[in-house]
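Just so it is clear, A, B and C label the chains in written order, and each chain counts residues from 1 on its own.
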Amino acid sequence: MSSPSDPRPSGVIHDIGYRPYTGERLGEGAVAWSLFRTGVRNCFGLGRSARSKVLPMSLLGAMLLPAVVLVAVLVQAGEVLGLTGQIVPYSRYALITQVVISVFVAAQAPALISRDLRFRTITLYLARPLRRSTYVLVRLASLLVAVFALVAAPLLVLYVGGLLAELPPARETELFLAALVGALLLAAVLSGLAALIAAVTTRRGLAVAGITVVLVVSYTVVTAVQGLGTEEGMPRLAEFAGLFSPYTLVDGVQVWLFDVAASTPAPPTGRTGVLFLLTALAVVAGCVVALLARYRKATVL
Amino acid sequence: MSAPGPARDDVRSARPVATDGTVNLTVAWLALRGLFGRRRGILLVVLPLVLLGLAVLVRVLVDGSDVADDILYQLGLVVVVPLVALIATTGVLSSEIDDGSVVYLLAKPMSRFTIVTSKLVVATGCVLVSGAVPLLVAGLVLAPGTPRLGLGFAVGGLAGGLAYCALFAVASVVTRHAVVVGLVYVLIWEGLLGGLLDGIRWLSVTRWSAAITDEVTGGPALVEDLSSTYAIAATTVVLIAGTWLASSKLRGYSYTADE
Amino acid sequence: MSTLELDHVSRWYGNVVAVNDVSMTVGPGVTGLLGPNGAGKSTLIALMAGFLAPSVGSVTLDGGQLWRNEQIYRDIGLVPEPEALFDHLTGRQFVLANARLHGLASPGQAAERALAVVEMTDAAARTIATYSKGMRQRVKMASALVHDPSVLLLDEPFNGMDPRQRLHLMDLLRRMGSEGRTVLFSSHILEEVEQVARQIEVVVAGRHAASGDFGAIRRLMTDRPNRYVVRSADDRTLAQALLGDVSVRAVSLRPAGGVEVEATDFGRFSAALPRIARDLDVRLFEVSPTDESLESVFSYLVAS
């Protein structure tokens, strides 16, 4: 420490051995990777308080539970009931459990994205060797992977169960992989839309409400129109209606690409399928572009 | 610059206007301004527009009276009414509690019950305008021959909305994540489980409003085996108990505990 | 109608004790609540405003209970610390709404008067979202004054104010106090409290450390000796030398080791001790105060 009682009134700066960090500095890639990992973990409440684990974990459980039950029935009573395939086809599972998925997306996307904007902690992120666009893409990727994990986990359970129940492995693998592609696309569309809405509103409650409205209302309207279309003999209308809800959109792409069991009464046929695929990709791309644009506007200070 | 003596007496001894009573207009006005001064208002406009849009679309394409029931129930009662109630109630109550500006309402000689009811009046007004009335109009659009259909759904929707608002008010006072809690309740309890398990109808606001609708329309039943008397009684109980509980919790509000 | 009384009040949250056995009386005039951050000032104000219930003890206004009692707000005006306001309203609308919520007979007049007192009449037509921090504070003050309360509680009111606004606010508070109102404000900045409040309550780590006239407390600091325990490599030599310094009143050698020193002038002592130790080439291992509460109050009040 400094020596006291020095009669001269001048000031001195003491060398107490301060040394700057001279070790290895990881680049932007490492920063992005750790941000990505934290994002995915936070979506499931890991690395946060106990209370924030409750919702995502219960939702994950809610997604897995039916799959476990189905597999149990298949394995135990498959022969008795004469089951030759999965009780619920892989491709239909996501649509059946869509409420759980919607709640997850609506609850977690704002927690991941709106919070930084609202409280301006984004400045902390951007003051690192991290470009703005990288930050946005990493956040989106975290959400996407989290949603994908949520959707794919029960599919994995079904697959393993199917193998245990001695269903033909080649066919099961084919169906499983097809469903995984569908799950990936679904995760992309959902997370793109949710992230965009969450980034636009910044108030968490409003973002949750907005995402819910978009996902739930679109699905209800689309099913109503599709039901109407098939019953009243307007198949084209029913097919096109499927474009307007993420769930039916992705389901349509799945059916058209892989010819799997459909969840909607009017899956696309022939060239309409191309439209579905293009729309899905366009939605994802559009959301990414819009997100990047929105963050460019976000004032940092 | 207030002169100490005379001005003080002037302000304080003048007969104060009663702020108690069931509804305080200023609280209601503040709530209304808060709701539409921010972007929540957009959602409250979008939802009824979608409902009406669908009704018009269906009417244009087919003779709507067959499917009117289905559409009004699935989109109107199950989706639009609860979401409008959630957005409106959390908009007037939850956001203020979250950021602490509710302390300006609480630091007044006004009973907490008045505060809650005034805000609920605004919220149910929104349900009326964005939920019940569009249901009525959609019903008339889809089935102009049977006006009782639209009316029934409007009444049922309003009743359900009242119960929902009371429930979400309690959630807003009790937790900081009122919107998510309300969402889980609406989508999972009412939506998913309500569709799967029949017994839920005794405890499901949507089923109660459906029963009330049945009573008014007199048409094919939306929900089986649920008397409208029970539904009306249950709705009233939830409304009163919810309002009372929210007020009681609000009396115990501590503003430093949130920091 | 204006004496706040806290009687052996404690408040804890789980394991954390925010306020620890505080008893104080706040009467008419300006009282400053002084203490470092985290000392429990906000908690105390919340207790006095009826927004928190004490875990133990009682808080009363003229004998009446504050918790769960809405009628007290006729006489209490609160200027809370959080910045959240109704951003979408104009300043005038906000103050007017507050006036109406109080049930005043002529809310418009009262609102204008309150706005004039805080000098916000010009800016009152703009939305609160466009206000600077100091302007928000003033609007909050206006909303607390609009019903002419006899008790005014302000939580960190000088936060974010520039010097001119601060002077103005101090002037305002002094005026309120001289009108016979009970004004209590909290701050962690010594100078603010010094210039406005004659009566201060010092709160440190949840405990009520000192109370009374500012000048008197300061005098107590110098009159009452501070006690320290010094452990060193050579106690006896050190003790001998310390007694030779004017700032030391008494020394005694502890049987278990260490020198107990009674110092009257802490400032001088803190300069003298290391100098003496160095001159004698005696290494000091530990210097700690035994009179803890006074140390904390002191270092707080006189630190410069």
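Brief remarks follow.
Just so it is clear, contacts are C-beta pairs under 8 Å (C-beta built on N, C-alpha and C of every residue); 3 or more make two chains touch, one makes a residue touch a chain.
Because the structure is a prediction, the values reported are computed rather than measured.
Chains B-C form the pair with the most C-beta pairs in contact.
When chain centres are taken as C-alpha averages, the shortest distance to the whole-protein C-alpha average belongs to B. Among the other chains, A has the CA centre that is most remote from the centre of chain C. If you average the Cα atoms of chain B and of chain C, the two centres end up 44 Å apart.
Mean C-alpha position of chain A lies 50 Å from that of chain C. Averaged Cα coordinates give chain A a centre that lies 31 Å from the centre of chain B.
Shared interface positions of chain B, defined as residues touching 2 or more other chains, are 38. Against chain C, in their complex, chain B makes its touches with residues 1-2, 4, 7-8, 11-12, 14-19, 24-27, 29-30, 33-34, 37-38, 99-101, 103-112, 251-257, 259.
Across the complex, chain B is touched by residues 13, 42-43, 46, 49, 51-53, 68, 70-74, 76-78, 80, 82, 84-86, 88-89, 97-98, 100-106, 110, 113, 116-117, 143, 147-148, 179-180 of chain C. The part of chain A that touches chain B in the complex is made up of residues 55, 62, 99-100, 102-103, 106-107, 201, 203-206, 208-210, 212-213, 216-217, 220-221, 223-225, 227-228, 231-232, 234, 237.
Chain B contributes residues 38-40, 43, 46-47, 50, 54, 57-58, 61-62, 67, 70-71, 74-75, 78-80, 83, 86-87, 90-91, 94-95, 98, 178-180, 183-184, 187-188, 191-192 to its touches with chain A in the complex.
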